[in-house]
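Take a look at these structures.
Each of the next two complexes has subunit A plus one more chain, namely subunit B in the first and subunit C in the second.
The block that comes next holds the complex of A and B.
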């Protein structure tokens, strides 16, 4: 599967220039106790013109998906061969809780039908299909752990069975006071807003984040300006330039990453730029794809390194062919996929 | 209509404008920009049938009013002014 286009909305802005700028600038503390997406980043009167009723979750996803298609330069309007898959840990839970709050406050006869319809998990993908005028299959995978990986597997299946020639695969997460409260009760939050991925701690600290990222995947190799994603095959380290570790403090014990850090190639983690998200590996995937396109190593934004892991310590333009993204779920189940440069 | 009722009507219009802008997610419109006799659907504010359902919910929640008859609803929902007058005349104290 070749990456033809990328779209992203996160706490540092919207679009690849914002991602590139964040990778260059490195970590900056969040303005609050979590990494939120500013309303200014999801205002777009053109793309969202038919979406005034949409919630923040749908708007973030729609903008990221639209931008991924725009970045590819491909025309998808009216096509039934474009699939759309959105991965999320919790889906539009902010809207779901708003709906439940309204039932408690006003009774079930006085709840807003609009709020209800947006609490349906496939609402965001429906908006994306409307926005792109796509007629292909759509699906939302709401799975607490490793949902982005499941979306990649499904995208590959759709392509292998010739159901789709292109698949928009993305992830979206939203964070508000409720999730922050839950995080505070269940895990450790970093009060200074700094995720420290390379502590590989048994009790790591997280900083909740939100945003959306989408990839337009194409069967045709010619369009893969960011390289290709491979989810099967050799898991050895030979020929690998870098491991991207999804240590964000959300899944508990991160000591499990120590073996990967010792395995050989250079390692990095960009979770401190995006915040902690259960489907955050999608954002790391965007960083990896941009590094391959730019042929540039970006320094790990937070470099506390008590285990002397082989960190990517500084920015450097140099040949870069293969990056493996690694993520462990809540029960230490390992998911990994590899990005290879188009000419690598 | 006496002066007291006029004052009440003006207050209801103000509340309705704020409720419409907030609950219908009307972008780029401030409540004070809505005219007192603004037509709600089609031309005017440009609301649609989904907004009509939301207004029914708003009337229930905020004024205890139920609009069940759609023929009656057409007249009530014609403009901000007809809506405000319906609230003034029927709201539960």
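The block that comes next holds the complex of A and C.
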């Protein structure tokens, strides 16, 4: 699948310039105990003009989706065959808890219909379709750590069967005090705000994050500016320049990544920039696509490396053809996303 | 894609046999909720006598397992499921949300809450949990497209099979009754305080229900290798967005019409070949008006159609799965039940569902789903 456009909203800002800046600058500690998206990053009176009552989850997703389409230059005519798939591990759960708050505060009969309608998982995609005036297939899926992988799988299937010519695929996650509380009960959180991916720890530490990333995909034979993404095929390391490992502390034992770190290619991980998200592999794929476009290696933002893995230690502009993003799910199921440069 | 098995559990019965009995006699069993306390006056459709476990797993999962077991038995795959690449794609709404009032009350009051609700939720991703239950290794995907989730999950299964991502798919939907959506739908003013009347002039809203509807679909060559004959298949699927409003359908119904047209084009049929339609028919003013208009426009005013929500209530993420099974049953049995609850034609719609148990002739039938967020889905079922 050809990547024609990318849109992103995360704790460091909105858009690819913000991602590029974050990759250049490296790790910065969160301002609180988790990485949050500032309200300033999701203010856009033009794009969000129909979304005054929308929640943060929908706004993040809508802006990322809009920006991916704008980045691709897809015409209005092209939108008639545009599919939209949103993957989210937890959906707009913050709004769900707002609705529960209403029930406890006011009783079953006096709750807000607006809050309820935004607590439904597919509210965000509804807004995206409205914003883009896209009348094609729309779907929201949830599969915890496999969410983004399953979304890409379906996007590929939709294009293979000509259900649509373009598919807008993305993920969105939100974090608030309740999720942070749950994380504290279930996993280890890094009190210094630093995810250390290359410890490959059996009890890794996470820093919850939030944001949304979208890719506009098509099946053009010729690659666009970001190249192609595949979730199948030869999984060998020949011709591979780099592994991006999705070690973020969320899914438990990360010792499983040690074998990948020893496989040969240079390795890196940008989870310390984004924070820990169950569908966070989409953000790593965006980083990989940008590296391929820029033909630039960005240093791993956190470099603690007790296992002497072949880390990407510094920024460097050099030929870069193939990057593979690797993520393990809650049951150690391996997911691989191979991105190839347009001329690779 | 061939349908080799089906299973249902809903307020209309714990299996296909009971469901057909209740369809045949026009029996429905809505009443006040017993699964949770609420001061709302709305009747619901609970699954009668369903033996749930100790609460360590979601009721939605248990409903899905019951329907899946029936479907797997019918498909003849009980002992050979693991020999195939089997995907799981299921729609739901409740199982995708941690809408546990007790958990949140504890957190709100004390700043801490027991984790068993969280564990149940984290272990309850519907497709993932069913995949683990049956030890399957194909793709697994939980569709959360609100009220069209079940139909769209079947659509995803079709796409997987066409793309050769697996050989067999367990697909459909499941949802349990829950206080939170009852409050939510109530707040929208679209829940009736009496038993629902889909497409009736005096309809006053929907009733919520619970259940699961599961289909086993597979590639034809896989079915033949198993020594079984093709009887029914899904020959078309369409989905289209309204791009109009978060909760209201587009008044001109063009999104539903696009979904129907796409599904029939895939099936290679014309509207005149459709024997009957199992409509979404929630009994809300807006849904039934828009849907009725579209059915009349696409299929003509004499088309035979019904809503089965008068028997099951609106089962949200399960609805598309249940109604796909009901549609297959209509083709198999050669009759469809009366569209229960319907009495008086609405002049504003100008089309009426079947008033009595009706013999049907033909090899094709359609099931439609409309969802919050403006998603419209349709599947075409074909009888060989």
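Just so it is clear, the second predicted complex is superposed on the first by the 336 of 344 C-alpha atoms of A that agree within 3 Å, B and C clash if a C-alpha of one lies under 4 Å from a C-alpha of the other, contacts with A are read in each partner's own complex, and residues count from 1 in each chain.
Here is the rule we use: a contact is a pair of C-beta atoms (placed from the backbone, for glycine too) under 8 Å apart; a residue touches a chain by one contact, two chains touch by 3 or more.
These numbers come from a predicted model, not from an experiment.
Aligning the two structures on subunit A places subunit B and subunit C next to each other without any clash.
In the superposed model, more residues of subunit A are touched by C than by the other of subunit B and subunit C.
Look at A:186: by the touch rule set out above, it reaches subunit C but stays clear of subunit B.
Of the two partner chains placed around the shared chain by superposition, subunit B is the only one that A:52 touches, whereas subunit C remains out of contact. Here the vertex is the CA centre of subunit A, and the angle it makes with the centres of subunit B and subunit C is 70 degrees, a multiple of 10.
Judged by the touch definition given at the top, the superposed model places A:112 against both subunit B and subunit C. Our summary of the superposed model lists a minimum C-alpha distance of 8 Å between subunit B and subunit C. In the superposition on chain A, the residues of subunit A touched by subunit B in one structure and by subunit C in the other are 109, 111-113.
Residues of subunit B touching subunit A in their complex: 23-28, 50, 53-54, 57, 60-61.
Those residues of subunit C that touch subunit A in the shared complex are 38-40, 93, 96-99, 101, 104-105, 107-108, 111-113, 115, 118, 122, 125, 127-128, 139-146, 152, 156, 159-160, 162-163, 165, 179-180, 182-189, 239-247, 254-255, 258, 371-375. Those residues of subunit A that touch subunit B in the shared complex are 45, 52-53, 106, 109-114. Listing the residues of subunit A that touch subunit C in their complex gives 84, 90-91, 93, 96-97, 99-101, 103-104, 107-109, 111-113, 116-123, 125-127, 129-130, 132-144, 146, 150, 153-154, 156-158, 160-161, 163, 178, 181-182, 185-186.
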